[in-house]
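Same chain, two partners: chain A is paired with chain B first, then with chain C.
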Partner chain A sequence: MISTTSRFTYIARAIAVTFLFPVAFLLLLSISDSWIFPEVLPESLTFERWISLMNGNTDLFSSLILSLGIAFSVATISTFGGFYVSKHLAYHPKRNLWMRLSYFPFVLSPIIYAALLYFYFIRAGLTGNMLGVILGQLLIAFPYSVILFSGFWSKRIQNMEQLVKTLGGSRWQTYRRVFLPMAQGLLLVCFFQTFLISWFEYGLTTLIGVGKVQTLTLKVFQYINEANFYNAALSSSLLVLPPIILLYFNKKYLFKKRW
Partner chain B sequence: MKISGPTLFSSNAQATGILLFLLLTVAPLLMGILYALLYSLGIIGLMSEGVTLAYWEQTLGDTEFWLSLGYTFYIALITISLTVIAALGLTLFLKKPFQKGLPGFSLYMPLAFPAIVVAFLVFQVASQSGLLSRIAWQLGWISDSATFPDLVNDTFGIGIIAAHTFMAVPFFSLYFMNLYDGERIRGFSQVAKSLGASRIQQLFRIEVPILLQRAFPTIILYTIFVLGSYEIPLILGRQSPQMMSVLIIRKLRKFSLDTIPEAYVAALLFLAVIILLLIVIFKTRSFSYDLDN
Partner chain C sequence: MVNPLKAEQITKSFGNEQVLKYLNLELHKYETLSILGRSGCGKTTLLKILAGLEPPDQGTIWIGDKNMESLSTYQREIVYLYQEALLFPHLNVFENIAFGLRLDKIEEKIITKRTNKMINQLELDGMQDKMPHQLSGGQQQRVSFGRALITDPNVLLLDEPFGSLDADTRTSMQQLFKRIAGEMDITAIFVTHNVKEAILMGDRIAKLDNGNLTMFDSIEAFVRSGENSVQEEIDFWKNISEKQ
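And then the complex of A and B:
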């Protein structure tokens, strides 16, 4: 007879397989040469798509580089900008108001937010280029970063800042020797979380970029539209790979209570 | 002696920080709302003929708009209900196996998936020529792909709900598990047990209520995310009814310029719904930003 504990372990393993299945399925689809109905498994496999990608012979490679560039820029600016700004919001008497305001752009559907701002982006010449997409994504990632850092600034940190000042430390020294080392872990979490916000973004990117800024998410959608499922699986695998690598290093980079 | 009165900012650095915040967070939102409002009232725009409430009347009397709003809420509420039930089940019955080994690692896996990839996966698995249909054919349950039930692009939004639930269950399971340990729920439950409470009473009088109460703001925020989702309903949804984001963008990008003011009316009304939900969250006690010591 199976005990309740081992029954629960079996159920947990079955659910775990459900969560892991998509990765295996995507990889298999990306190396399938032919996989048509009603076959449950591919009839033949090919590594040609992956090889051309590695050789840089495909436009997916340029999308990969573009996505990395955008995500890296958004993550860097929003992490350091958010860290600096959140400190000043945290110690301001209207702290609660600022923090509540920072939720609005963050929770609003990115594509609706982009639709509301589209006119201004056109006027500023920021549609259809990388700079516009970075700025658009920053408008979501930055408030998130402010929310994430809000918990860091406490009375204890404020007392420490005053102590450094009393001992003759400059503002720059306070940041370099006290704040940044103390917030190191949170800075990394914020960097990776904002990296993922940008990496996963589709709606805002397609609207502000008017389809010209071809990030990986846009490529996935394009391939789905063209019914080119093998290439859609390849670009999906590329999208999933960096977060899985992050997961390997530290689970915190993927899961952090966001509010 | 010069006595200075209270100032708005304690230093130049604070003024710069708050100005940057207003510039990147508050100003764009207000400017966007203002533009949409002016456009929806016919004050600006290519079709502008002076102030009019016609677009508001048109949208408020449009069945498609109300159907879309209802459909969006239906998807969000079903998704969040299924997610909370599943995540509570995993937390309360399977917490131990899910905190180590392969199950522990697997719970994080769906967090690595962007919405567009999840939509693609659900399409590949649940469509009429997808993996489930192929398995059904091999087992002799169906004679051809057309006889497989519509699970994507269907009337009830099964595909959309499945995709959202797949993404949300691991997040809420991890969140509930953290809360379970952080709030010392096991301890409360043990006390109740020693006072004679049955396992059912411990679950429904102590563990579930504490978890739901503490997670309430997060549940509402996640509901807002689902309400505003775009990629998943775009790939797995139908032409009608559409979820709000898809409807708004379709109206905005149509060749006919007539629908643009209606798109902005719909966006403003949707924004009002989100603001109302946010106000509900801000009223909860657990949503405070007072300084810790």
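And then the complex of A and C:
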């Protein structure tokens, strides 16, 4: 007879396989030389695409670097900026109004919101370049971060801040020794989530980047449209790798029970 | 000798409600002043103003011979303790107590020595590595005391610190505070709504009512004044014992 624990282990493994199969399939497709229906496995394998990518000889490599740069910038700015701003909003007398405004980009849909602001992006010379795309993505990631952190700033935290002040702590010391360590788990979740928001962003990047800012997500769609499945698989593999790596390194914080 | 804390003509209003009315207060060195008052009478507002966490509408506060306006909150060396212990959940007992010393960037050797001494005085030996959630309410309050006292503040402001504790723990904490206050020459303001606690903890008593603060020169003067329920309490216990 199978015990309850073993049953859960089997179910967990089955779920893990279900999630890992598409990744494994993509990796296999990316190293396939020829894989034509109805063959179950590729006829031959080649590492040429990966080697060429590693040597930096392809557009895909520059797209990878560009995507990493954009996603890290968006995640860092929105995480730390959102943390700081959310504190001021949380204790503001018109807190409810500010919080309602934070939901605005999501209620309106990010792409429509960006389209409405497109005129200002053109006037500011922010279309078709990396800075414009970062700012555009921040329109979604930043309010997300503010909303995520708004629950952290309670009356208790405010009292702690006052206590640290009377114990002789400056504002910077309060952040470094109290707020940041206490919000460590939340900060990591926020960084991870905003990184993913940016990493997989398509519509807004297409609109503001006007096709000149070729992120990895845009490359995947481009290869799929061209029916270039092997390169689409290669770029998709690259697309799923950073989130998996981030998840692997953050799992102890993301899933660990905090105080 | 200059008094460590003096407040003159302090007023504070919230909307149309005047919480403090031209209040004067003088605290002598190494004394504990109990401030007695009903819930919501402005005790916490007064303490926050004295700590520099809330600005008064009017009035002057002197810390020693310095006008408080010239000092930032963190430069005043007045520690405000809440009813809740407010321990930092990411730090163990040792680090919670050593917190103020770390802010001052004191040498590690001195931090270890002073913190261990404080742990011993608070009767918390063997608990230095425990996290706040592993402590009882009374133990948390002791750590909170230690964290404040180790910084050697000019004045300690205690806002009903034992309000959330059960009767036994409350009694033992009162005794502990009295002992440590004597040992460390602490100057403190102890706010409470409990007459018995005010008498037990204070060297002098003041009563806050309708925004006015009445100071009594001694505990005896307070008891004699009739501005309290002490006589009623004595009569109550007398009746009980006579019935038995």
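By our rule, the second predicted complex is superposed on the first by the 228 of 259 C-alpha atoms of A that agree within 3 Å, B and C clash if a C-alpha of one lies under 4 Å from a C-alpha of the other, contacts with A are read in each partner's own complex, and residues count from 1 in each chain.
We take it that contacts are C-beta pairs under 8 Å (C-beta built on N, C-alpha and C of every residue); 3 or more make two chains touch, one makes a residue touch a chain.
If you're wondering where the values come from, they're calculated on a predicted model, not measured in any experiment.
After superposition on chain A, the partners chain B and chain C are accommodated together without colliding. By the touch criterion stated above, A:S34 is placed in contact with neither chain B nor chain C. Between chain B and chain C, B touches the greater number of residues of chain A.
Once the two complexes are laid over each other on the shared chain, residue contacts for A:V146 go to chain B alone; chain C is not touched. Residue contacts after overlaying the shared chain place A:F221 against chain B, while chain C stays out of touching range.
Shared-chain residue A:R177: touches chain C; no touch with chain B. For the combined model, the angle formed at the CA centre of chain A by lines to the CA centres of chain B and chain C equals 100 degrees after rounding to the nearest 10. Applying the stated contact rule after C-alpha superposition, one finds that A:R156 touches each of chain B and chain C. With both structures placed on the common chain, the touch criterion links A:S62 to neither chain B nor chain C. Touch criterion met: A:T166 reaches chain C, while chain B stays clear of it. In the overlay built on the shared chain, the residue A:M99 is in contact with chain B alone; chain C does not reach it. Superposition on chain A leaves chain B and chain C with their closest Cα atoms 6 Å from each other.
According to the touch criterion, the shared surface of chain A, contacted by chain B in one complex and chain C in the other, consists of residues 156, 259.
Every residue of chain A that touches chain B in the complex is listed here, in rising order: 8-9, 11-13, 15-17, 19-20, 22-23, 25-26, 29, 37-40, 81, 84-85, 87-92, 95-96, 98-105, 107-113, 115-117, 119-120, 138-139, 142-143, 146, 150-151, 153-156, 158, 171, 199-200, 202-203, 207, 217, 220-221, 224, 229, 232-233, 236, 239-240, 243-244, 246-247, 251, 254-255, 257-259.
Put simply, chain C touches chain A in their complex at residues 48, 51-53, 73-82, 84, 86, 88-90, 99-100, 102-104, 131-133, 147-148, 151.
Per the touch definition, chain A reaches chain C in the complex via residues 156, 159-160, 162-170, 173, 177-178, 181-182, 184, 259. Listing the residues of chain B that touch chain A in their complex gives 9-10, 13-14, 16-18, 20-21, 24-26, 28-29, 31-33, 35-36, 90, 93-94, 96-98, 102-103, 105-118, 120-121, 123-125, 129, 131, 133-135, 137-138, 145, 170-171, 174-175, 178, 217-218, 221, 224-225, 227-231, 235, 244-245, 248-249, 252, 263-264, 267, 270-271, 274-275, 278, 282, 287-293.
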